[in-house]
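These are the structures, in structure tokens.
Look for chain A in each of the two complexes below; its partner is chain B in the first and chain C in the second.
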Partner chain A sequence: MSDEETKREILLPGDEIKQEGLKPGKGVFKKDGKIYAAKLGVKTIKKGYVNVAAQSGRYDPQKGDKVIGTVTDLDASYWTVDVNAPFPAVLHVNDVPWRVDYGDTASYIEVGDALLVKITDVDEQKRMQITIDEEGLRKLDVGQIVEIPPSQVPRIIGRGGSMISMLKKYTGCKIFVGQNGRIWIDGDLEGQYLAIKAINMIEENAQALGLTEAVKNYLKEETGKDFDE
Partner chain B sequence: MKEILSRITKDYLYRLVKEGKRLDGRGMYEYRDINIDAGEIDPAEGSARVKLGDTDVYVGTKMDVGEPYPDTPDTGVLTTAAELIPMASPKYESGPPGEDATELARVVDRGVREGDVVDTTKLCIEEGEKVWILFIDIHVLDYDGNLFDAAGMGIMAALLDTMVPASRFDEADEDEDYPLPIEHIVVPATFTKIKDQILLDSQLEEEKIADARLTVSLNENDEIVAMQKGLRGVFDYESTKECIRKAKDICSETRDKVVDEVGRENI
Partner chain C sequence: MGSNKDIELIKDGKRIDGRDFDELREIKIKAGVLKRADGSAYLEWGKNKVMAAVYGPREMHPRHAQETTKAVVRARYNMAAFSVPDRKRPGPDRRSIEISKLISEALEKVVFTEKYPRSVIDVFVEVLQASAGTRCCGLTAASVALADAGIPMSDLVASCASGKIEGQVVLDLGKNEDNYGQADLPIGYIPRSDELCLLQMDGNLSEDEYEEAMDMSIEACKEIYEIQKEALREKYSTELQAEKLNEEEM
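Up next is the complex of A and B:
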């Protein structure tokens, strides 16, 4: 782990980022040649860009993200899907894998259905187009969904997917983490229960160091399994 | 904003409930952590903040001198109001109180009023002319289910904390502030029915799939002073009796918590 990431510096809006030679990324602004934080959050540096990621709040949609949404409304040629963003997303009949006749939307996807979708376009106002017509995207018929703050998605996934693969291994569940902070879990009831407990643990201790190790110990204790041996 | 719980989340909750389990691993008749702080707001006559898990409610009382109602010329006036602000939940909108706010205020008010918590006859200054008017305001800061119990405990704590501001009013009966005359300690216990399972202190997700809700308010003698059923489902005779039986133990515990926090015994 490099020095940058172990510190997890938290900035307030207006805090100056003193480090030299960085380019302004997301959540920051530039004034008189200096870079300042634009929101309350954690500083991250990636490829020479400095970003400030908000600690809480709604999901900031990005093109290409895979997210989990709930259908809140439908019309003759589209569905409205809540993906925890500032605005609901629109899923048009052209973006589903079925040929849907005009007015026949309800026989394919109903209000209350959970969907795994990809964001295909976001405009300046954060209004989105989404699709479900792609490999791996689908309607979620079983399992369940839990929500965490979108800022903590990287923690659930872990370095190189270490956290998430460990969760899957110990709980025996299928888990998908949407970029919008919604996590889909499917497996037997015990496994789901354990997965949620572990996710809550990660959520509460998101800023802690050595979290993966702590979660692993917890899962070992609960399941009595040990995959390290 | 319309809130829709996805169907698979509902299915999971139903499966859990069927096996006698809850989302956070609590027992069926167990409260979340209760945290009561009385007297936090200085300008109020009495106040309390109740945290029930992530549900967060402020209750404040304010008193004024005014005219009594014509049919009760010798008793003080009690009014309860609830505010559900958008900060508490995305489903609440600003503006005049809606259905939820009115229901919350009415249900908890009924416990206080019918339970004779405040001795309103002692709030009469001059019969037919001047009485004390007691305003109880419930402000919800964070909604994570079961506002009824949080507000009920908050009201009780706030009333115990209330000093009648006699020194501020020329027309008052006394010169010195004195504690509000409290006769009984009443707290509610709210049960939620999901399918055939009954549970206490439902959290937000459980509340969303609830079929019916029953609030039982008991005083310190285990007498039922108010009951209110909510939502569309039904409680049969047996389960209603079961709720009342459970409420006795539950209420005596929360009552102790409230009294301990305020540290005032003037019944």
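Up next is the complex of A and C:
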């Protein structure tokens, strides 16, 4: 990773990025041949592109993101799903794994149901197409959902998924972190409770030193298990 | 502007509150003070106390106000009932509607609105305590709150006023100077591109005085710009250091 992503530094809107031979990526803008940061965030360099990864703000839907949504409305041939974005997404009957007759949408998915969906397209008007007809995507019938700021999703996942795999291991729960900041947790009640406590701990201490260790110690103490040995 | 000269505004080359002609009042900014908002800032500028909060981008209601190609920046400037010596009658009035409009338009100049079509970015500016120059305070705080909310923008906006008292051009009018002075010239300045996004004038200035006042204000805005950036860095750099350490561990 070191050749792709080297130094990290905080940038503010309008800060010039002084680096030769880089192309403008996400979160930056180019003016008069110079590259500037467009939002508050961390500079990252990947494959010759310079990006600014946001440190705050709302979820900005991207094509290919797997997110957790809740159904807010339905019609004869589609459902409207809230995925925590500025606008609701549309789930068409063609994008579900069942054959749904016209007007029969309610017998498959109802208002209030939670879904694990993938964003298949975002157009320039920010209208979203989503699908549930793919491996791993489904209706979430059990478990519970907690919400965190979308900018903290990478922290819950950890470097190379270290934090999330640790959470799964110690709590014995199934956990899925949606890119939109919604986390689905399923397992025995005690495990769920512990997972939520750990997630809250990560959220509140996102800036604390040695967070991974602290969370690990907390989980060890609560469960009495130790996977390090 | 008050013609009523019953108060001495300049004494021994100093202003009534002891400042030099080109001296700002003390400014303090803190970013990210409200948990519920997407972004926020608290600003103290002399005796002014202003809170700004940003929500969005989110779905625009009413829908007829949506713009199909860009987001709308909708600012609301409001003075608390207790912000002035006599109780201010709550609710929008002629003055606060004007300032809301001007803050909206100034911020729209820097926000990349085309990235969020059909949506709205709500900016709330609450004046908790007023002591001259609240529109500049509001704009300065709002732009910090926008950056804190992670809204893509080309730069921060710094804002400051200058004016004329007893025939002398001075920077950043205080309460009495505003009431009994001869002119007031608030500006909003975009430092990176050296552009203005707000310019108003109350009272009269000659061409030379105007130039002098502008130069003073722009210099001051650059100073304010650094304070704004410092406030944002203060909030985020601590988070960043920690994050770096976490990664090394992993």
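Keep in mind that, in the parts below, the second predicted complex is superposed on the first by the 216 of 229 C-alpha atoms of A that agree within 3 Å, B and C clash if a C-alpha of one lies under 4 Å from a C-alpha of the other, contacts with A are read in each partner's own complex, and residues count from 1 in each chain.
Keep this in mind: a contact is a pair of C-beta atoms (placed from the backbone, for glycine too) under 8 Å apart; a residue touches a chain by one contact, two chains touch by 3 or more.
Small disclaimer: the values here were computed from a predicted structure and weren't measured.
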**OP:** Identify the partner contact of A:G191: answer first if only chain B is touched, second if only chain C is, both if each is, neither if none is.
**Re:** neither
**OP:** Based on the superposed arrangement, let me know which partner A:P61 touches: chain B (first), chain C (second), both, or neither?
**Re:** neither
Original post:
Of the partners chain B and chain C, which touch A:V111 in the superposed model: first, second, both, neither?
Top reply: first
Subject >> Residue contacts with chain A in the superposition, chain B compared against chain C >> reply: C
**OP:** Could you tell me if A:T70 is touching chain B, chain C, both of them or neither one (first, second, both, neither)?
**Re:** first
Original post:
Between chain B (first) and chain C (second), which, if any, makes contact with A:I145: first, second, both or neither?
Top reply: first
**OP:** Would you check which partner chain A:E213 touches, where first means chain B only, second means chain C only, and both and neither mean what they say?
**Re:** second
**OP:** May I ask you to decide whether A:G181 touches chain B, chain C, both, or neither, giving the answer as first, second, both or neither?
**Re:** neither
Subject >> Doubly contacted residues of chain A, that is, touched by chain B and again by chain C >> reply: none
Original post:
Which residues, counting only chain C, touch chain A once they are in their complex?
Top reply: 32, 38-39, 56-59, 68, 110, 112, 116-119, 147-156, 191-193, 229, 232-233, 236-247, 249-250
Original post:
Of all residues in chain A, which touch chain C in the complex?
Top reply: 8-10, 12-14, 27, 29, 31, 36, 38-42, 54-58, 86-88, 124-126, 151, 155, 158-160, 162, 206-213
Original post:
Any idea which chain A residues touch chain B in the complex?
Top reply: 70-73, 82, 110-114, 140-145, 189, 192-193, 196-197
Subject >> In the complex, chain B residues that touch chain A >> reply: 2, 4-12, 15-16, 19, 21, 23, 25
